[in-house]
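Think of it as A, B, C and D in the order they're written, each chain with its own count starting at 1.
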Amino acid sequence: MARPIICSSMAEAVAGIPDGIQLLVPGFGPGTPANLLTALYDAGVKDMHVYANSVGLPQGASDGRKTLNDLIAARRVRKVTAAFTAPTHPSQASVPADMIRAGAMEAELVPQGTLAERVRAGGAGIPAFFTPAGVGTLTAQGKEHREFNGRMYVMEHAIFADYAFIRAWKADTLGNLIYRRSARNFNPIFAMGAAHTIVEVEEPIVPAGELDPDQIHTPGVVIERLVQIPADGYFREVPR
Amino acid sequence: MARPIICSSMAEAVAGIPDGIQLLVPGFGPGTPANLLTALYDAGVKDMHVYANSVGLPQGASDGRKTLNDLIAARRVRKVTAAFTAPTHPSQASVPADMIRAGAMEAELVPQGTLAERVRAGGAGIPAFFTPAGVGTLTAQGKEHREFNGRMYVMEHAIFADYAFIRAWKADTLGNLIYRRSARNFNPIFAMGAAHTIVEVEEPIVPAGELDPDQIHTPGVVIERLVQIPADGYFREVPR
Amino acid sequence: MTSHEAAPGKERMSRDFLAAVIARRFPKGWLVNLGVGMPTMVGGYVHPDQEIVFTSENGVIGYAGIASGADIDHDTVNAGVQFVTLQAGAAIVHHADSFALIRRGMNDVTVLGSYEVAQDGSFANWRTSKGEWDNLGGIGGAMDLAACAQQVWIMMEHTTRENGPRLLEHCTLPVTAPDGVTMVFTDLGVFSVRDGRFTLEEHAPGWTPDEIAALTGAPLEVSPTVTEVQFPT
Amino acid sequence: MTSHEAAPGKERMSRDFLAAVIARRFPKGWLVNLGVGMPTMVGGYVHPDQEIVFTSENGVIGYAGIASGADIDHDTVNAGVQFVTLQAGAAIVHHADSFALIRRGMNDVTVLGSYEVAQDGSFANWRTSKGEWDNLGGIGGAMDLAACAQQVWIMMEHTTRENGPRLLEHCTLPVTAPDGVTMVFTDLGVFSVRDGRFTLEEHAPGWTPDEIAALTGAPLEVSPTVTEVQFPT
């Protein structure tokens, strides 16, 4: 595994990504790779299976950034796996939910902790594990169940995707990453859970050796491409 | 779950630990909770099932500290689960290996990554998972096997122990912990993998709020007791 | 017709009142997860002496409260993606570690909103459709939390907009968990859920147990020590 | 009788020679795990231009070499619990994350010592007893590494102290992994392991393929491009 390539633009960072990929998109408000998503939108990549916490409730942002919601609305996503595929109450409008209802996009609704753990398992070489979350609910229907120590669990399979987009706060030239506050969320596990991990970073990329080895959240050995967010990029998330 | 109790001595930190417990002992050279182990030895606790990377090859230390090897030699350990239960070559002497051979102590030999992941699973509420490590070897004998995506895996069960002893570098009054360099090793996962987690810390315990929330390796909510290593305590590990 | 109009002359407890009632019930040192929506308000009513630690499933362990003005940090949000401030001694973990802690049973309680709760301790809060399973809904972390927290407390309105009951013999909507609810706090009272039964522990000021039972869709036992809900001081 | 005495007049390659041969075979940018014992020496012979990252299963990603004197940090050791120095850009992870990366296939190669290696790619390095399974042995991380690294390279002496073969048709000792070895480096030569066969790729200076085959316990093919091992410059 070679050192990460430091790209000079978002377009370069997403260059060559083919149609049909499985893509991990972290973010929970903060920590969303908005610049890479926008570049991916501009690159026209389609037929994707996206894994994310939410299909994205807001109908686009006023500053031009593209969200998962925009990619879905543009029919570039064939399937979504998420903990929120629709608002809980049908009175709230949702383009993704309408598309799923109409059969225009496939959906897999999963408990949030199961989503996190499935990707963690994928990045950890573990093909399957058991969890109590969802037992006795619709989300466990048709899945293998098993009792351990008198309690029922459901077996869940790992997710290992083709690509992951990551949003970091600090990075060094070897791809070591540090996240800030709750912008961390899914980022460290999604960074491990894909064959090709591409990172947008907020602060200027520093030379290797400047970050304390004890304080690195994601070791750079899993990073393939690294790009600094340009001054005119998207630095703040749109609060939901 | 209440805030951790800050103990004023190692004896207080291990007070009330009953016989018969399952105990997690981290450490890989550095990061071994030598002071707590010594206090446990002095407290006379016996009939334990200890989980550790190694049964401890050195025959005690010259400075008075007690190791797992000493606890075993004193017949206080009924069973050990480890990645090293004996030297690979029979020419090397080993009290634990002799005891295991003689039936004086039960042993379970496991791949190191499986040991780490089993405790991680226990601390993560996951009762079992699949791993490729050990498939086709003696350590997988009698265990359930299963194929995923054309590859064979073995099912391994979680470990959740009664007690964990932890060695940290820095701590605050809420039990938030930071480890230093490879002294981290098993500590963060063992800290999560037990009902009662007791920590010895090298640096003076600081008030809550002084450690950066982004840089904490173990959140204090899983810590039950915390004790600073006294000036005459054991600060450096004995290199193997 | 709103639920308030359903019983003229009878005031129901306000959300703030209820949030305070719930907040002051937490024993000292509890680790508390607050669900999105109404339960978020509970955070504003704990007393510092309670030493409550609020956790959020997006990896924030120890937030202090909702942030405003200059206290807003765009990287620091709770599970409802509201800006929050951190407690001294807060720690941040990633999503897998956060749910590791949740599944491990770290949370003494999760306080969740709900559409329905049944006497068997099941509840339904993620999907209003009773139709065929189409993978549509908003679970978030509720299923993990409900399955793994030491207790599940429900904070909800006692009745629907049409004044129908939300406390039921059986949930009619798809459940979030098939059991686990131990307490229900509604605008009409405080209820325990035990051994397949609702028991009225405290009633809203001015309401009788019979009046509350009439708006409840399951048998309602009345605690021998039933009292009027007191606003915590 | 040592193996050197077994072939009078013929020098075998020294461990340092062999370590250098292995070190210079790593393609640029590889992530390399070095096993305890002999393989540790390999770290001393890589060239900076190779940009090799050495990882250790105790959570050190990017160590530079064995530390001595004032460079010793008592908290920084490799898998053999030897003090090491860190590379600029090193990262520390805990044991579960370290083996997560290992199982994920992070390591381009793990270089391990061994007692035996067989033509099916199996090898045995954790237990010298052929007796009944008694849970005695020293596995460490070898089984995880052997099962998950992209390649397994074995560094070993070609023969036992009694001059018996270590390259075999089948392992006689309990295996560390039932397959996975791609290269074997011994004091007599460099061997590839492919399709159930050993192939001699390079022979030790002064040794003929036939002489090496005579000390090998399995059929030995000879590469059409077989050469003498060159000491890397």
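In this section, a contact is a pair of C-beta atoms (placed from the backbone, for glycine too) under 8 Å apart; a residue touches a chain by one contact, two chains touch by 3 or more.
None of these values were measured; they are calculated from a predicted model.
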item: Contact-richer chain pair [A-D vs B-D]; value: B-D
item: Remotest chain, subunit B as reference, centres from CA atoms; value: C
item: Distance from subunit D to subunit A - Cα centre to Cα centre, in angstrom; value: 38
item: Computed distance of Cα centres, subunit D from subunit C, in Å; value: 58
item: Chain centre separation (subunit B, subunit D; CA means) in Å; value: 29
item: Gap in Å, rounded to a whole number, between the CA centres of subunit B and subunit A; value: 34
item: Sites on subunit D at which at least two other chains make contact; value: 86, 92-93, 96, 99-100, 102-103, 148
item: Residues within subunit B bordering two or more other chains; value: 117, 120, 124-126, 131-132, 180-181, 184, 213-214
item: Touching pairs among all chains present in the structure; value: A-B, A-C, A-D, B-C, B-D
item: Touching residues (chain side subunit B, partner subunit C) in the complex; value: 1-3, 120, 123-126, 172-174, 176, 192, 207-209, 211, 213-214, 216, 219-222
item: Touching residues (chain side subunit C, partner subunit B) in the complex; value: 28-31, 51, 53, 55, 61-62, 86-93, 96, 99-106, 108, 148
item: Subunit B-facing residues of subunit D, complex; value: 56-60, 73-77, 81, 83, 86, 92-96, 98-100, 102-103, 122, 125-129, 133-144, 147-148, 174-179
item: Contact footprint of subunit D on subunit B as seen in their complex; value: 28-31, 53, 83-90, 97, 100-101, 107-114, 116-117, 119-120, 131-139, 141, 169, 180-189, 217, 236-237, 239-240
item: Residue ranges of subunit A in contact with subunit B within the complex; value: 117, 121, 124-132, 146, 148-149, 151, 153, 157, 178-181, 184, 213-215
